[in-house]
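Pasting the structures here.
Both complexes below contain chain A, partnered by chain B and then by chain C.
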Partner chain A sequence: MMKKIQHIAYPLFFIVMALLPALLDSRWLVVATTFVIFTIVALSQDIVLGKAGMFNMGQALFFGLGAYTTAVLNAKFGWPILATLPVAILIPAFFGILLAGPIIHLRGDYLLVATIGFNIVFVQAVQNNLGGITGGPNGIFGLDMLSFPGLASFEHFMPYYAALAALFFTLFVINNLESSMMGRALHYLREDDLAAGSIGINTRVHKIFAFAMGAGIAGMAGTMYANQYSAVSPEAFDFIQSVLFFSIVIVGGSSVPGILLGVFVMFVLPEIFREFATWRYFIFGFAMIFTMILRPRGIWPAKFGRIPKAFTEKGRENGQQ
Partner chain B sequence: MASSDLILTNVTKRFGGLVAVDDLSFHVQEGQIYGLIGPNGAGKTTVFNCITGIHPCEEGSIIWQGEEIRLLPTHKIVQLGIVRTFQTIRLFGQMSVAENVMSGRHIKSKQHWWNGIFHTPASRRDETENWQAVFELLEFFELRDYATHTVGSLPYGIQRRVEMARAMAVNPKLLILDEPAAGLNDNETLALIETIYKIREQGVTVLLIEHDMDLVMEVTEYLTVINFGRKIAEGTPSEIQENPAVIEAYLGSEDDDF
Partner chain C sequence: MQQLVNGLTIGSMFALIALGYTMVYGVMKLINFAHGDLVAGSSFVGLFVFSQMLGGEVSLFVVLGVFAFTIVAIALLGFTIERLAYRPLRTAPRLSAVVSALGASMVIQNGIMLLWGPQMHIFPELIPTIIWEVGGVVVSLMQVLIMVLSMILMVGLYLFVEKTKIGTAIRASAIDQDAARLMGINVNNIIVTIFLIGSSLGAVGGLFIGLYYRGITFNMGWQYGLYAFVAAIIGGIGNIPGAMLGGLLLGLFNAFIAGYISSTWADAFTFILLIVILIVRPTGILGERVAEKV
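Up next, the complex of A and B:
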């Protein structure tokens, strides 16, 4: 039953998302684009926090690193936006390895504090115009927009569809991760890393892999973000953003529907209830508290037991005999 | 020295001022079922932690297949063919039985790290082969019906079997069992004895700690008895049963209870 719903739900989600811009005015198109981009970042956070179980509260750093890579390459060196994309994935991934390396043995709260530290250092560095290329507190603006020849009349929709393509790519990659040796290893680390080591998994290498992969995907979202606003500025990648991405994974649960729900609740609902001004945050705070009390593993927790059909069906036949 | 013997020589492990394992030596020969027994707190599990690299020992040497493994990290020791189970079962509780056993296939998998991002025909084939191996093991341990069950919600006896299946999935040459019969009822213990024999038939050496003396005397071929981290006796089960030092250690510890 659950399987059937999923089989219908994913194509339906794709179709709705693809047709959405036709129904939205320009303000809501911005909200929808933000929703898509933040979903990508939340999914990348889920690789580190939800799957591998590492308390990383600095995901905005990698998001920002990707956005700044695109902005600097475009504004200072004249690269087209699309050409900056691979670099905006690789540089955060590289920094993911570099930063995670020395702190990866830390547990829980200690790792959390260290990653907050990295995030603060990053924001300070770009605010102070590091190397004279990050533009200081105002950031970098006047970037080009992603465009394809022949699609000039759709330029208005370009940021949305570019972000959506990146989201689909992310879902594809995460689906591959889940059905691979590496992806399962991350789950084993979260559940019990001593036991994981005792069956031969190199815990350190796999934890760093999770960080690098999460950072690369967040970097890709960063390019989409720079493309959407044609600008980047430091406060968009502040530590408080990291807290939000962290909360989305915890409240939503470590699953694709959970994360979509989490991002919707955190970023889209506040837009819908704009007329209630600050009261909406009051209600969200309580909603988060009650979710944690009533559903400690999130609204839509991860499900396990994804075993190739060929084997489970054989098992069922045996059971019936 | 290519035979799969495990030789401990003068192994000493200290935790602060406490000497948990004191100058311990023993020799497990390939194909043996070897028992390590002793009263509670004698340091048996610590010996296992030293062998498997969880708590490397400070002194002595641990030779496996002719190589020193004393200071190797845990995952490297596993790659050399030594796998253990835990006294307190350590499974991946939220995951299914099949996924738990699959974790043992991790180091046998031929997938590369980047197959976590993109699959290739080779990685898909490897994935299927590993699942095949997992389901053969589930068959062997009679766990097939539980394949998709969440392991944390299963009865204790079944969890024990899952943990052994997971260890066997690594294709070990030496299987280290830390109190495999703890918490099992009589029927389950009998089944466990059968399983240990079947594992040995596959050419796997077994080293075990156990409190259930009936089981130890039944299955093991050679025993080392330790107390307060020191070896007090070694020999075949019948020799051990008559050894006065062993009787005193066990009866003496019971006297302390009164």
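Up next, the complex of A and C:
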């Protein structure tokens, strides 16, 4: 049942998203691009928080690291945007391993505070113009546009379609992760990492893997972000952003539809109801409390990882806990 | 030496705020993200009480009035948060409570913004500027008052928790809520009590911040709240003397970094210190090693 819905819903979603720019003026195109980019970040957060169950409140760090990698390579070294993409995925992933390594054994709230700490250190380092390449509090601006030969007239839509392609790639990766041994191991880790360890899952390696993967995907979103605004600045990657991504994943229920809904409510609705802009977080705060009271597992709770039919008895579809 | 005095002053404020975090964490195992915003709210309520309700003239009576009104108002706000945002989630998954706490924090922070606007406000000068110079070190009356009052409150709290019946019940609930309940302790009342005490201490901390730094903004709660929380972790979270020690150490650390290295790097160094402590000794300086089951 769920699978059938997915088979129809995913292609439908991408067809709608692909046709969307035809209906939007340039302001709404920016909103749509932002929506796609933040969805990617929220999905990357979901790999760490929702799937592996690690309280990570520093995802904006990796998002920012990707954006800054692209910006520095493009503005200071003249690399084309597309060429910076692999680096902007690898550097955050590498830092994900490096930072997660020593703190991965921390549990729950301690991990949460440590990741907040990393995020704050990152923002302050960037603000203080570390190494003289990050441009200080103003950031870096005047980046090149992403372009392909022969598609010059199409340049206006490029950031949107690039972001959409990245989203497609992200969903593809997450989909494969769900039905792989790695994904099942992560689900198991989230439920009980002691039990997971005792049946032979290397908890440390899997946790670091989840961190690195989330970081790499967030870094890719960072490239898209730098490409869309042709600029990066420190406050866009503040830990308050991490708090928002964290909340989106939990309120949404760490499922793809829930996260899409969460990002839409958090970033698109305020654009529609501009007159309520100052009331935005006040209302979101209440919404977060009431959602958690009424639906503690989120608006659209994820089912336990997709277990191949061969592993389940008598075709029980979803072995929900 | 000058940095020592400054460090102890801001350290006392961190310690007062940290107590609110550590007590709530000790009993509920929940980071009360809204606590920092209660502290910020306290500065604004104090400003409001002083200029709108008590006429804006400084006298001993007025200063005491400002403190009394603000403490009561913030304690009530803390009580309300506990009732609305935390109590319904007592048995819910851990992450739900964390998000609810974040939601409460956003509500208070933006509530302040909607009431007072996003601009910086200047806190009134309630304590006359009297400055002594002792051997080349400048000490103001306000710094002395902040340190002495904080010390009295902290010692008072320590004695309350260690020596009274309610204090024993608080410690029992922190160790094991179910066992405490079996011993006839009303854990819900205990949680209300710690929220009232924690918010009151936070309110005093917020007024001190207003007095000491003068400029107050609606979003400063996150900053001071995080610092205080770091202090609580450094001292060993859930441990009341630990929070006091952690607050003072963090204040000194901060003052020395700002004084001798660079104030623009103060946050980064503070959090690097935090991460190092979490790696080396996750239970903090005075914390006991407890096996935690998430």
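As a working rule, the second predicted complex is superposed on the first by the 299 of 321 C-alpha atoms of A that agree within 3 Å, B and C clash if a C-alpha of one lies under 4 Å from a C-alpha of the other, contacts with A are read in each partner's own complex, and residues count from 1 in each chain.
Assume a residue touches a chain if its C-beta (ideal position, glycine included) is under 8 Å from a C-beta of that chain, and two chains touch if they have at least 3 such contacts.
Bear in mind that the values here come from a model prediction, so they are computed numbers and not experimental data.
*Asks:* Please indicate which partner A:V173 is in contact with in the superposed arrangement: first for chain B, second for chain C, both, or neither.
*Replies:* Only chain B is touched by A:V173; chain C is not.
*Asks:* Under the stated touch criterion, which partner chain does A:Y188 make contact with: chain B (first), chain C (second), both, or neither?
*Replies:* Touch status of A:Y188: first partner only.
*Asks:* In the superposed arrangement, which partner chain does A:L269 touch: chain B (first), chain C (second), both, or neither?
*Replies:* neither
*Asks:* Is A:A287 in contact with chain B, with chain C, with both, or with neither (first, second, both, neither)?
*Replies:* second
*Asks:* Thinking of the overlay built on chain A, is A:A114 touched by chain B (first), by chain C (second), by both, or by neither?
*Replies:* Once the two structures are laid over each other on A, A:A114 reaches chain C alone.
*Asks:* For A:S198, select first, second, both or neither according to whether it touches chain B, chain C, the two together, or no partner.
*Replies:* Once the two structures are laid over each other on A, A:S198 reaches chain B alone.
*Asks:* Using the superposition described at the top, list the residues of chain A that contact chain B and also contact chain C.
*Replies:* No residue sits in both footprints.
*Asks:* With touch defined as at the start, can you tell me which chain A residues reach chain C in the complex?
*Replies:* Against chain C, the touching part of chain A is residues 49, 55, 102-103, 106-110, 112-114, 116-118, 120-121, 124-125, 127-128, 240, 243, 246-247, 250-251, 278-282, 284-289, 292-293, 296-297.
*Asks:* Name, in rising order, each residue of chain B that touches chain A in their complex.
*Replies:* 52, 54, 73-75, 78-79, 83-84, 86, 90-96, 98-99, 102-107, 109, 111, 113, 115-119, 123, 126-128, 130-132, 134-135, 144-145, 147-150, 166-167, 169-170
*Asks:* Touching chain A in the complex: which residues of chain C?
*Replies:* The contact residues of chain C facing chain A are 25, 29, 31, 84-85, 88-89, 92-100, 102-111, 113-114, 222, 226, 229-230, 233, 264-265, 267-268, 271-272, 274-275, 278-279, 282, 292, 294.
*Asks:* Please output the residues of chain A touching chain B within their complex, sorted ascending.
*Replies:* Going through chain A, the ones touching chain B are 173, 176-177, 179-185, 187-188, 191-192, 194-203, 209, 213, 302, 304-308, 310-312, 314-315, 318-319.
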